[in-house]
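Naming follows writing order (A, B and C), and every chain is counted from residue 1.
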Amino acid sequence: MTKLLTSRRSLLKSSAAAAGAIGMPSLVRAADAARPIRIGLLAPLTGVIAAGGKELVEGFQMYWEQVGMMAGTRKVEIVIEDDASNPDTALQKARRLVEQANVDFLFGNILANTGLAVANYVKNTGTPYFIPVIAADDLTQRTRIPNVIRVAGYTASQTAHPLGDWAYKQGYRHVATISQDYTFGHEQCGGFAQVFTEAGGKIVQQFWHPLNTSDFSSYLGQLVTAGADAIFAMETGADSTRFIQQYASFGLKGRIPLLGSMNATDQSVIRTMGADAEGIISCAHFAEGSTDPVTVKFVADYEKRYQKLPSIYGFSHYSGAMWVDEALGKIRGNVEDRALFLKTVLATELVGSPLGKTVKLDAYGNPVYDVMVRKVVKRPDGKLWNEPFETYPQVSQFWKYDPETYMKQPPYSRTFQGIKA
Amino acid sequence: MIRILSPVLIGIAALAPLVLPTYFVSVATQILIFAVLAMAVDLLAGFTGRTPLCHGAIFGTSAYVTIYAASVVGWPIGLAMLTGILAATCLAMVFGLLAVRTSGVYFLLLTLALGLIVWGVCLRWTEITGGENGLRAQLREDLGLSTRQLYVAVLVTVLCATAAMWRLVRSPFGLTMRGIKEGEGRMASLGYDVTLHLLIAFTASGFFAGVAGALYAVFNDFASPSIVQLSSSVQGLLMAIVGGVGTLFGGFVGAFVIIAMEQTVSAFTERWPTVLGLTFILMMIFAPEGVVGKARLLLKR
Amino acid sequence: MFQLLNGMTFAALLFVVASGFTLIFGLLRIVNLAHGALYLFGGYVGFTVGGIAGSFVVAAISAMIFVAAAGLVLDRGVLRLVRGGELRQVMLTLGVAFVLNDAGLVIWGGDTLTVPTPEALQGAVVIGSLFYPKFRLFVLAMGIAVFAGLWLLLNKTRLGALIRAGVDDREMVEACGINIKRVFLVTFMLGSALAGLGGVLGGTFLALYPGADAEILVFSLAVVIIGGRGSLVGAATGALLIGLLNTFGQVWFPQLAYFVIFGPMAALLAFRPLGLFGKEA
């Protein structure tokens, strides 16, 4: 059975290629229309980030259901696999989706290590792979893989750059950073530190703690005495919850202003939190508390459907799906022609996404956004959300630097933070 | 009858993946690699009576070193793999020196603690290990092996490793190991250096775990802390137990059962951890001697 | 001083969890790898009950009862079937841990949850220039209370005498005609209840999420390994040591965070396999 499917598929592929070559696209479409487009969605449904994985699937499905599970004239089939928040499993499931389920392209993953493992695999198979959440800078910079595109995604340092600028403009001159000790954290802190120090600020101290640090008390003790005007915290998931709570319980809240990475105050974190999280400032391209009518409608729809406010995982996969659908519409669903498909996605401008603004990709496959400065506030019904109050227009992953020059500096790491002395 | 049939069946099973779709070839490759890991665990658990919970760390160390040597240092892949295996063997020797004087639950706990150190190092020594994200390479591409060719290469290596382990447990040394398992005091009073024997057994076991790790590095093209963490050690031990502790070849059965089950179950439900847990529980209650062990018992009847 | 308090309050939590672990290990010879899962379940139950009842005390008590009941089921329903085989039991509890964690994920959804802090313990105490959260001091007090309670139980009651005798020589107790099975069961439930209590305490200041079980389990293992099987004083010493190593390790050797904990533990085990206060079985 499987064998049969495979041969049928390769037949279709070769006929598509042949038809493309002699310029008879209409014939191909007639044959292809019978076969649905298959999308492989990799999501962590178990393991540490299971809650985020569930939202990823929800956002993705919500979009496709809204458009009737159709992309152009072709039906869409979604094959979901659990990556178990583990890169080995992610790779195995990616193999299964590509080699066994014969999906046309892959979507998803949350944790950087799972995304990097899958990207390393599709490098050889050429399968298009869309990563709305995987933020590792170099995937769209120094070690770019042409078939890996960050639709509706962002690089780690992308939104940290403007925050560094904003912090300086607030009059902060001495900032201490605390971050989870892994690439995602190094990159966000680096982005913040580079822009902040180049403006003239000083990074007084940087703390790197292991992922899943249960007790932050020893770091908090050192943060108090670091002599900082403000603290930049790069945290995700449970670490973020704990950090923010302990920050408050040790009485730092109100004494030293807290700036967060975009994920530190994401809905996935603050929806279970109370007053501790109020007032934290962060920068992001998405803010669920925005007053833009398109955003308001999306947030209301999402809340109605899933009884919770959308997190970055749900939002990004909703918009990512929209982006790819838009591109598929332009090429009338001809996903078999990978080169054309990828080229079209890169050239597609996303109109009508929940952001309420048109978004396009830069030449490296990463979106350029209007980045908002947001603050966590309480809604009248008591729920916390991020309300934007200032905008940095058209922020690319390279901030204001020239891409070529920027990529000549080493990638951000624990030892290289772009700090200007 | 069984003696004639089984080699034929094994031959068919070994060659069958060559006509299957590539995905199943990948799964079969993975089964072979984990079978070696499970047998390495069995060398200790089944033949010396010391159950280790650190083999994931040894296996993972080999994979890390292989990838690092090949992709960062730029050594040829064969040399990189040998270095990985050597590193695993040395690590096992150090672990052995610390652990062999303990036994039972304490041995289990000590090896667990040692494995956690390796995990901590891989996670935190970011400059070398890439931290949480791990290291990536393109070994498969560099070797120019297709999925099927890689399967054959792994199959040959695995068969060699299996033969070597088989010789080892059948040798006078292997008999001494069993003697130690049955009665340590008696062997000591007979003049055997129990500690030295255990140390050698531990090191040998680490060597084979290293072989599996080096193969895994080529198979997966990356190494991350998830392969050195506790759950990886647990997986190796679980496969050895499911197959049957002390049967050696049970490793193949265990690896096959667990991986095949994961493949099947995850197609129907996301609750694989529950299924795995229940399997574990039922196995321990009803068939602690494992599939091969149970089959042997039933055949004897 | 500040960091010392941090180390000690964390140690107090570790002690509450690990004392249950060491009791079970000491008497029943079971390394209960589901202990972390019981901790997490206790926390989750405390979260739910606390949300409904609005009382921290009710939350803590119901979590303890619930987890003790889970311990009852675990001991009577499952572990009874594999009495004797040490390794079989260890592996079996690991299977139980998988199932419990997955069930927790299904029931509570995997978001990071926090047991609400009781009103009286919110905020911080100011001692001179020192600013310290009340709840953490409460955890420290709880740790001391649990230690005192267990010490009295073990040293001043008949049950305690039986448990102590059982840790030292199980056969002897049985030979005296005492129904050791009942002692086993009570100990298992008590140990589980302590995990549940730990879950509520930890769930308040360290939060609950998938994976919290494994973290606390690893810490408890370290505590018990250092302290020695079945020893209350050992568990207290081990908890203090690990708590302080964890805190000061983060301050002094931030890059070696895990090594600082597991390194000394492995070294100790290699030279004193039974731990600081462990006795030959």
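Assume a residue touches a chain if its C-beta (ideal position, glycine included) is under 8 Å from a C-beta of that chain, and two chains touch if they have at least 3 such contacts.
Source: prediction; values computed, not measured.
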Between the pairs A-B and B-C, the one where more C-beta pairs touch: B-C
Distance-maximising chain from chain B - centres being C-alpha averages: A
Where chain A and chain B are represented by their mean Cα positions, the distance between them in whole Å: 36
Whole-Å separation of chain centres (CA-atom averages), chain B against chain C: 32
Touching two or more other chains - residue numbers and ranges from chain A: 46, 210
Multi-partner residues of chain B (at least 2 other chains): 123-124, 273
Multi-partner residues of chain C (at least 2 other chains): 102, 255, 257-258
Partner chain C, residues of chain B touching it in the complex: 51, 98-99, 101-102, 104-106, 108-110, 112-114, 116-117, 119-121, 123-125, 230, 234, 237-238, 241, 271, 273-274, 276-281, 283-285, 288
Touching residues (chain side chain C, partner chain B) in the complex: 29, 31, 78, 81-82, 85-92, 94-103, 106, 214, 218, 221-222, 225, 255-259, 262-263, 265-266, 269-270, 273-274
Footprint of chain C on chain A - complex, ascending: 46-48, 50-51, 54, 207-210, 212-215, 217-219, 221-222, 237-238, 240-242, 245-246, 249-251, 268-269, 271-273
Interface residues, chain B side, partner chain A - complex: 21-24, 26, 30, 123-124, 126-127, 130-134, 136, 138, 140-141, 220-222, 224, 226-227, 263, 266, 270, 272-273
Chain C residues touching chain A - in the complex, by the definition given at the top: 2-3, 6-7, 9-10, 102, 105, 109-114, 117, 123-124, 131-133, 135-136, 202, 205-207, 209-212, 215-216, 246-248, 250-251, 254-255, 257-258
